[in-house]
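Here come two complexes built around subunit A, the first alongside subunit B, the second alongside subunit C.
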Partner chain A sequence: MSAAPEIEHVDILVIGAGPAGLAAAASTASAGLTTLLVDENASPGGQIYRRITRSPFVDAAILGDDYWEGRPLVADFEASGAAFCGETQVWSLDATRRVGMSHKGRSRFVQAERVIIATGAQERPFPIPGWTLPGVMSVGAAQTVLKASALVPDGRLVIAGQGPLIWLYAAQHLRAGGTIEAILDTTPRANYLAALPLLPQFIGSRYALKGARLMREVARKTRIVRHVDALRAEGEDRVSAIRYRVGKKESRIETDILLLHQGVIPHVNLAMAAGVAHRWDERQACFAPVLDPFGQSAIDGIAIAGDGAGIGGAEAAAERGRLAAWAAIKALRPQVEDKVPPVEEILKALAGAEKGRAFLDRLFLPRKQFRVPVEDDTIVCRCEEVTAGAIRQAIKIGAAGPNQLKAYLRCGMGPCQGRLCGLTVTELIAAERAISQDETGYYRLRMPVKPITLGELAAIEPDARAVSAVVRE
Partner chain B sequence: MFRRIASANAEMVMIEVDGVPVTARRGESVAAALLASGLSIARETPVGGVPRTPYCMMGVCFDCLVTIDGIGSRQGCLVSVEDGMRVSIQKGRRALA
Partner chain C sequence: MGLGREYDVAVVGGGLLGSSLAWGLGRLGQRVVVLDEGDIAKRASRANFALVWVQTKGLGLPEYTSWTLRASETWEQLAATLETETGLDVCFRRPGGFHLALGDREMELRRDVLARLHNQPGAADYRTELLDHAGVRKMMPEIGPEVAGGSYCPYDGHVNSLRVFRALHTAFGHQGVDYRPDHAVTAISGNNGAFHLTTRHGEIVAGKVVLAAGNANAMLAPMVGLSAPMEPNRGQIVVTERAAPFLHFPMTTLRQSDEGTVMIGDSKEDEIDDRAHHMPIDVMMANRAVRMFPKLAALNVVRAWSGIRVMTRDGFPIYDQSESHPGAFVVCCHSGVTLAPNHAFDIAPMIASGVLDEAVVGAFSARRFARPSGERAA
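What follows is the complex of A and B.
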């Protein structure tokens, strides 16, 4: 029989081309390590610098300076000699660092000495009644189509929730000529008080002035309703209104598009499926991977950098990317260690970038009722259309954890593989059973973490290892 | 659901959505092109047959699932439009061939 082809081999595989991935790949490639950066999107930038190399915008001011700050990151990456493969979905990663990936309907495996997972953040689920109606989207979704396609919502627009992204998007939308009926701010009163002790540290951070400016810019042109306690999207075949409550006062606004947002959380699917341990982070109310100070997991050669390691923002993400790269260079090419920036410099820059984050975490921690639905008719698992009421009922009759819930209700078993319900389910079970989130745990995630067809799997040319596993000489 | 604002990158391509010609901007995703198409683009879920439109636009929610050039359940937000692409909106459960 003919010899099977050798599997493609790289020193460093970086998954995700946002700030962490770009900075990591630029560092390792500059140190002479063969580096491949892959991303689901066609061009590098991640969500924050989405489509920065091929922006449709003529007027750079609409997106604002923070967006264009991504340019030097991409330029450094492009000059580094690292390879980029866009429109690529990583669907498998194991402890041997054999990585399955799909590009334009064809899959292949790449063997990496080190893997840096930089898959970033996703928006926190925002399960309110009616959030599955057509016309209801996340703020991040609207911002994505603004950056990538220069699209703005058509018709009346209401934004609800909390967090810096709301104000940034609202400002961008207004600059692009859009209007907003109202912003329904769900930041609880108690958070302002709780965050107060952290204010002095925040004042000196890069976020403070920018944040205040953005909020002023938006408030001049937009009605803002603060301290919103409850939300319900209404409509038959699509959203037609948002009903909300402040204290005891109920109100309703008609709208064509409703955008929701209550912060971002690490996108855990790939890392968890690869076997990286995660723990509940009380400060950010989400699961975050267990890592050493350089982003290394307990699995040899697998590191996590950027918001996937815990939310820190774009600037911190880039520094964490450099830190993970530094550790990889030290491990694989100790002789060139003196040619890369000293680790103390990276750590110092990281500390600077993380300044003010604790204040933001405290101020924008979403209220329990927006994380764990109060009303039983609220859909929790969007894919399998499982409501909070059904989940509570299942817990009452004995479903002990997220994985048992699958057997009861198929909850978390649809195409999104728990991405939009996992956190809600953990918090709901923890609340009902009065146990901790760590004790409750999360869905057991498995490969493939992105759906591929059986045909695509079968069409992968087998390498020597695969052939020897089934062929007898 | 969305409208286009003035832009420099105006190179357009033609795709087909359930047989209807739709202009899209080169380099944008299928889901973005659908949102800007002015057509009724809601898919119907396989579970409850209820209408859905894209929710996250960043590969997470799978509510933008569409059939592209005959292959079902592709994430429309992660596939770039190409000239002549044929897109169809999924209604309910898929039939087994």
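What follows is the complex of A and C.
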């Protein structure tokens, strides 16, 4: 066996090229730290500014002003001297900050002094009966297609759920020439009342006016059904209709495409698998990492910035990226600290960007029955086709938490590694056992957090410790 | 909760080992409580490789070879009984199993191990044969050119161990076995028909107590005058996405499950933090697996994990009843999957009767650790 190869070394590795990652990498590189920014997409921008450097849209107005706000972030990043490696999946990260990554079918390990995880958000699972039928997809997935290829889906389309993204996507979809049969808004009546005390703060925020304008724009061209209490996608081989209930009144709309969305949650897989502690966030009804005010986790040198640290939106994400960068610069190059913007300035900008967030969180807190399936036939784990009923049965025979559940039912053990069922499983067990989400816990996540082939794994040069652990003499 | 409630037997530990024992006791009409840890237990039953394995077991203790063979022969009965009781097929298959050698040096090592096993006085014949590359290829056409050969034993097999676990726990419901997760035992007192076990949810009282808590037995055993010297180690396992069945024989480091996933395993490290995971070790395991079966290269890895092996100091099981605290038993073993039928059909009845049969399990007393070293080998 040949000797272990020299491992590539960087000061700062930033994972994810959305607003948080772009801002963080630009800051650390400007301070003279060797910085590598990696992302799964070929070009920077993340989800929100997807393909911003090479958008297929000729008419800039279709995607809206917020989208194009990504341009200065990318420009700053490009001027900073940071390296960008696109089409790269990070599949492992450990407490020593050794990072396994795959680029075009070849994997390597990179050693970083500091890692800033900026992997952002994912859509909250929306487990209704029939959500696994072909033709049902998430609003986020539809928007990805729209941004990447300027395409809107063919056929009749219904959108169900709640949250700002629904209105943004609906507007973009209509501007791009699409039509919408109806929007089934699931925001509970009670949420409006509960969010009311937070309204004054929201009114002054940048979201208020934009949000109101978007909703008006969409409502002019689309039928809106409010206060939807229950949803069921129907169809044999693919979705053919959506059945819904408002109060006691049941209705049905035929459709070819059903888009679902009920907000976003932090993308926790990489951070959790690396061992970063997470705690239940009651306000956003999800797990969020335990971090200090600068985004640093309890694991030395691993920080999290952006929506992965708790949902705050794009503008706040960029500021949190700068904060994490500031902490990294202070730790590694204290002598250049005066060359970066003072931390007070970043904190002030962050406070401004977070204004109104509490209102949105409260208004768009999804109702319980859309987070914990009521019907036993609803599939929770899509990869292994485990239903809510099977999970309730397993809890009865002794599944105290998500990990015991995995052992009984393989729930969460498929290729998505729990991304689409983890939160539902925790909330379902918590509800059945009448304990808190924190006490219930989450799946213990495992590397690789992104699938890579065995052949690609096998092609990496092994080190001596690995050889002695595996080859018996 | 449970205060003052009486049980015939309290089984400490609800993994495969404790569950097999509890199930066996429940079948005999015993009133049983199983005290288990919570969701984040260092549970070997969730991390194991699911082999029912005979070849090379027993070097240094020939009785262990016979004990393992006995398990292999009764696994079918356990699987059938569980299916009748629960409707769950645990997918026990015994096509025989391989240990593959990459290169001539590994082949020589294998030959040497088998010779030493065979030469032990009193060793049971378990018909393991050495095959060269062509011999292996006849049975497994997909092997790569680097496979020099391997050993084949017809008694080897595998099972869906997670489903065994679920089946046992499901059967508890029918038997009236009281399974209690989140009831880690921190102290045991009492004697002679009334053991008091402390848990964070109160005290449990039982006539007998069986320690089946894996590596934690080392800490619990002295509370009732027993000894369980453990030396755990860590292993890593890599599992792929599902693929059409093509590996028809289980191997020591490689098997395809009934669900189609391919498991690759068997690293061994002294570190025992199961949260730590070393991807370079997975790299090494992947490397060997692909050399054994080049076709594997195309499969996606979906998960890798670390588990702590329950291991006694010499690697062999321990079955003992306390002399100072009669009614207190300790059961330790590495092979909770392989030996499950013995624990359910042999050990459980002995515990119910109050006497461990010296003729069957006498060789596995922890008293062997008190003897001067070297005596056994002589």
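In this section, the second predicted complex is superposed on the first by the 457 of 473 C-alpha atoms of A that agree within 3 Å, B and C clash if a C-alpha of one lies under 4 Å from a C-alpha of the other, contacts with A are read in each partner's own complex, and residues count from 1 in each chain.
Everything that follows uses one rule, which is that a residue touches a chain if its C-beta (ideal position, glycine included) is under 8 Å from a C-beta of that chain, and two chains touch if they have at least 3 such contacts.
This structure is a prediction, so every number in the text was calculated from the model and none was measured.
Asker: With both complexes superposed on chain A, which partner does A:Leu454 reach: first (subunit B), second (subunit C), both or neither?
Answerer: Touch partner of A:Leu454: subunit C, not subunit B.
Asker: First (subunit B), second (subunit C), both or neither: which does A:Pro415 touch?
Answerer: A:Pro415 contacts both subunit B and subunit C.
Asker: Identify the partner contact of A:Arg446: answer first if only subunit B is touched, second if only subunit C is, both if each is, neither if none is.
Answerer: second
Asker: Answer with first, second, both or neither: which of subunit B and subunit C does A:Pro402 touch in the superposed model?
Answerer: In the superposed model, A:Pro402 contacts subunit C only, not subunit B.
Asker: Given the touch rule stated above, what does A:Pro153 touch, subunit B (first), subunit C (second), both, or neither?
Answerer: first
Asker: Counting only touches as set out at the top, which of subunit B and subunit C does A:Pro334 meet: first, second, both, neither?
Answerer: After superposition on chain A, A:Pro334 lies in contact with neither partner.
Asker: So in the superposed three-chain picture, is A:Asp94 touching just subunit B, just subunit C, both, or none of them (first/second/both/neither)?
Answerer: Second partner only.
Asker: What part of subunit A is shared between its subunit B contacts and its subunit C contacts?
Answerer: Dual-contact residues (subunit A): 414-415, 451, 453.
Asker: Can you list the subunit A residues touching subunit C in their complex?
Answerer: Against subunit C, the touching part of subunit A is residues 92, 94-95, 98, 100, 109, 275, 394, 396-404, 406-410, 413-415, 417, 440-441, 444, 446-448, 451-455, 457-460, 462-463, 465-467, 469-473.
Asker: Within their complex, state which residues of subunit A touch subunit B.
Answerer: That would be residues 40-43, 47, 51, 54-58, 87, 89, 105, 122-123, 132-138, 140-142, 144-145, 148-155, 176-177, 237-238, 256-257, 267, 382-385, 414-416, 419-420, 451, 453 of subunit A.
Asker: Residues of subunit C touching subunit A in their complex?
Answerer: 14, 36, 38-40, 43, 45-46, 109, 162, 165-166, 169-170, 172-173, 179, 181-182, 236, 238, 240-241, 259, 264, 266-269, 275-291, 296-305
Asker: Within their complex, state which residues of subunit B touch subunit A.
Answerer: Subunit B residues touching subunit A: 1-9, 25, 27-29, 32-33, 35-36, 42, 45, 47-48, 50-63, 65, 71, 73, 77-80.
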